[in-house]
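In the two complexes below, chain A is the common chain; its partner is chain B in one and chain C in the other.
Then we have the complex of A and B:
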């Protein structure tokens, strides 16, 4: 069985984990808007935003270094564009590009790492994200594990029959064949899933249990955090 | 005895021209458990997919007195619960509870009622502790039982299980056997596992090249077609006869 680290993080218990996903998504949106509109020279403001995120990571009980390291996934892209801005003679813009993209990723990671994906998707749907998009994300997440497991089995099977060959061409051929096979299998599985849905009286309309609860604490969390972010931004 | 499934002169041909079923006649009575045997590709799965209208051939199929046709599909699919061979295909919702409640919600139940039904079905399957788990966190045996719970939550009259013991270790097979024994529904079990079939069913049918060629007591069918696991010669004989 394969577990995604984020999935494990999201199963933990903390004040942030307990918040309704809608509350976290709204605060995330406010944070991203405030961050995006923060002037490039407002270093202290960005520092406060970063400190807020760091405090939230600690409050959620997530491994600090682990979260920071995973947010660095965006750096190769932002550093490239930052370098272009730097070479164009705009070092402040380059710095802002890197720090804003990194902090945005950190914020998203924080929400995903404190909300189990099913609840996150329910929250997105409740906030008006089209059902089709939510379903695509839901099925992708559900079958990503199954497909990656199949891919690993195929890789092992290929390695077992590879012998000592170091030529790249046959390897490339094998990888291409495996990819095609994986696509065909995924297609077959999609048909199988659809059959299983039909067998359980599915008529084309998805109904859900809708178990989200937006309490007073969630409301307070949204108002207080958003107000703080906006007030800092307006300074 | 009341017949809950009646199939008369059923024929089915796939789009590529393969004749998968030919003149199939079959009856399943209330409370009865019947094993379906046959070589790979002999038409067993194609046959069971006709029973809830996933595939539609020529001939007549009726379930609990309802003819299987477009207008009756919703009612038929509420009467006949199908557990597929690959549990991963059946467990597509993000959590076990949501997956088991999927069928009851499609039957038009309110979320609260669907939740109650799902919890009861999970309790029946001995899996109440998995309620909020994601399906990919379950073992193969648990997945199979959750798939069964998803069907039981719809309170069907008939259960159809396609290769229920595939990927299950012996303890998980025993657990499944105990669970199925306690269920009152009429059952149709497609399997190669003759021991499992003999422990549950007293009647079996045998498919060969799309035809239902024998119907009788399990032991008699197993002996007549040499369908037990041990004699390898029998396996070779049937793999040589494979048509599809």
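Then we have the complex of A and C:
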């Protein structure tokens, strides 16, 4: 599964990996807002923003081609709309849609690729996201792979049992039954998980190894990058 | 339909971020009031279930298959506020981990699919869910949740000025309608199977249809209307401001009077173009809504007969 790749990327070490997640989230937001408000005609400005992203990918030591390919997931959507805009006689707008949505995706990918998700989530919590949301996100991410694997098993099993069936109705009902079964198993698993966590003195919040520290370097990083982006935008 | 970044114009995403933030906060508050502690891992695991459910394909037609979206199913098993919460987390994880949908557009996506989608999906269940018309209510809810989310996304794109010829809009609406009907059929079928497994899974709303109907319908309508009004008035005001600001900085050395008239004409032009777009979008949305409700009733009657 491709998100495992993201986990591997985020475990590396670099100057960008070492930054506090809060700093990266703030810079990401500044970057996205600056990019979103950059006029279409400002080719140089968009070029500088793209160059900054490329430099950051290299600095983070992430595989360049891999990151570019991963960010291409947005292309089917944006190329479709870009094509429509172009055919409607607005080539500039088409170009803006495609290139800016791609750059935004790249920026998000850069942050997620240099920050393990638990750290990113505790950064979000420190920035004021409600604890319940963060907690649900942590459980979701933890069990995503487990339950997906179970779904995969059930799909294979179903295909083995009735792969030759040509009738739509029984297959539809079989799929619904499988989904209900998956639901029930997930439900029971959640209860078991919770009991086990209580038995290990779960207090309602995850304690992570190594707490967040927003140091002077992080502050410098936020101020310098934001200032640079805003100054380029104002030119 | 997850909208990526830079598809929505700045006033639109900013407005939806501003709406979704307090709305999600409110839902978190409501959910944490109803939930006992044991349900917190449940919400996360059920979110993972909705992700995994996309792997199980439902045969629908010649060579095509659909999968569960999950808004209505979550609403009728977990309750509306926890369902909104879980959907919000799902959309956020899709934006960050899977690059499906933008980060600035997160507010819009959350509003479409998690808030409006889930609440619209819960509305029929709340009204008719306790009585004998359960299956029909479920079906209508699932259809509505997909339809509302889809048309809201379409409306936001249109207001933002993304070029879409009529043929494209019609195709998109047709696609939404088809996937909404599929979602309805899947939801009814899965809930049926769930009730056979364990009747405790599916929540039955208390029998106080009138008050809750008014409250839920009112809040859903208010949310929708406020969202739409904000979204359609904001571009006007802010765009005008932007044009004037832009002109002011560019033509700082020109005579102030010339600057003013250009700004005025520019604003007038944008105002009228926006007005046409917004009215067309709103009318289309209402039409889609009406057609969808009618179709859901008709198909639901046939199914339960």
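In this section, the second predicted complex is superposed on the first by the 194 of 235 C-alpha atoms of A that agree within 3 Å, B and C clash if a C-alpha of one lies under 4 Å from a C-alpha of the other, contacts with A are read in each partner's own complex, and residues count from 1 in each chain.
In the analysis below, a contact is a pair of C-beta atoms (placed from the backbone, for glycine too) under 8 Å apart; a residue touches a chain by one contact, two chains touch by 3 or more.
Every value quoted in this text rests on a predicted model; they were computed, and no experiment measured them.
Residues of chain A touched by chain B versus by chain C: which partner has the larger set?
Partner with more touched residues of chain A: C.
Looking at the overlay, does A:201 come into contact with chain B only (first), chain C only (second), both, or neither?
The answer is first: A:201 touches chain B but not chain C.
Taking the superposition on A as described, I'd like to know which of chain B and chain C A:117 touches: first, second, both or neither.
Touch partners of A:117: chain B and chain C.
Touch check for A:189: first (chain B), second (chain C), both, or neither?
It touches chain B and chain C both.
Does chain B (first) or chain C (second) touch A:137, or do both, or does neither?
The second partner, chain C, only.
Kindly classify A:44 by the partners it touches after superposition: chain B alone (first), chain C alone (second), both, or neither?
So A:44 meets neither chain B nor chain C here.
Under the stated touch criterion, which partner chain does A:150 make contact with: chain B (first), chain C (second), both, or neither?
The answer is second: A:150 touches chain C but not chain B.
Could you list which residues of chain A make contact with chain B in one structure and with chain C in the other?
3, 117, 138-139, 141-143, 146, 189, 193, 197
Quick one: in the complex, what on chain A touches chain C?
Touch list, chain A to chain C: 3, 6, 28-29, 32-33, 35-37, 70-71, 73-74, 77-78, 81, 84-85, 88, 90, 93, 96-97, 100-101, 104-105, 108-109, 112, 117, 120, 130, 132-133, 135-144, 146-148, 150-152, 154-155, 158, 168, 171-173, 175-184, 186-187, 189-191, 193-194, 197, 204.
Can you list the residues on chain B that touch chain A in the complex?
Residues in contact with chain A: 49, 52, 54, 74, 77-78, 81-82, 84, 86, 88-90, 92-95, 97-98, 101-103, 105-107, 111, 114-115, 134-137, 150-151, 154.
Under the definition above, what is the set of chain A residues touching chain B in their complex?
Those residues of chain A that touch chain B are 1-3, 7, 117-118, 121, 138-139, 141-143, 145-146, 189, 192-193, 195-203, 207-211.
Please name which positions on chain C make contact with chain A in the complex.
Contact set of chain C toward chain A: 4-7, 10, 13, 24-25, 28, 31-32, 37-38, 40-49, 51-53, 55-61, 68, 77, 85-86, 88-90, 92-93, 95-100, 102-104, 162-165, 168, 185-186, 189-190, 192-194, 196-198, 201.
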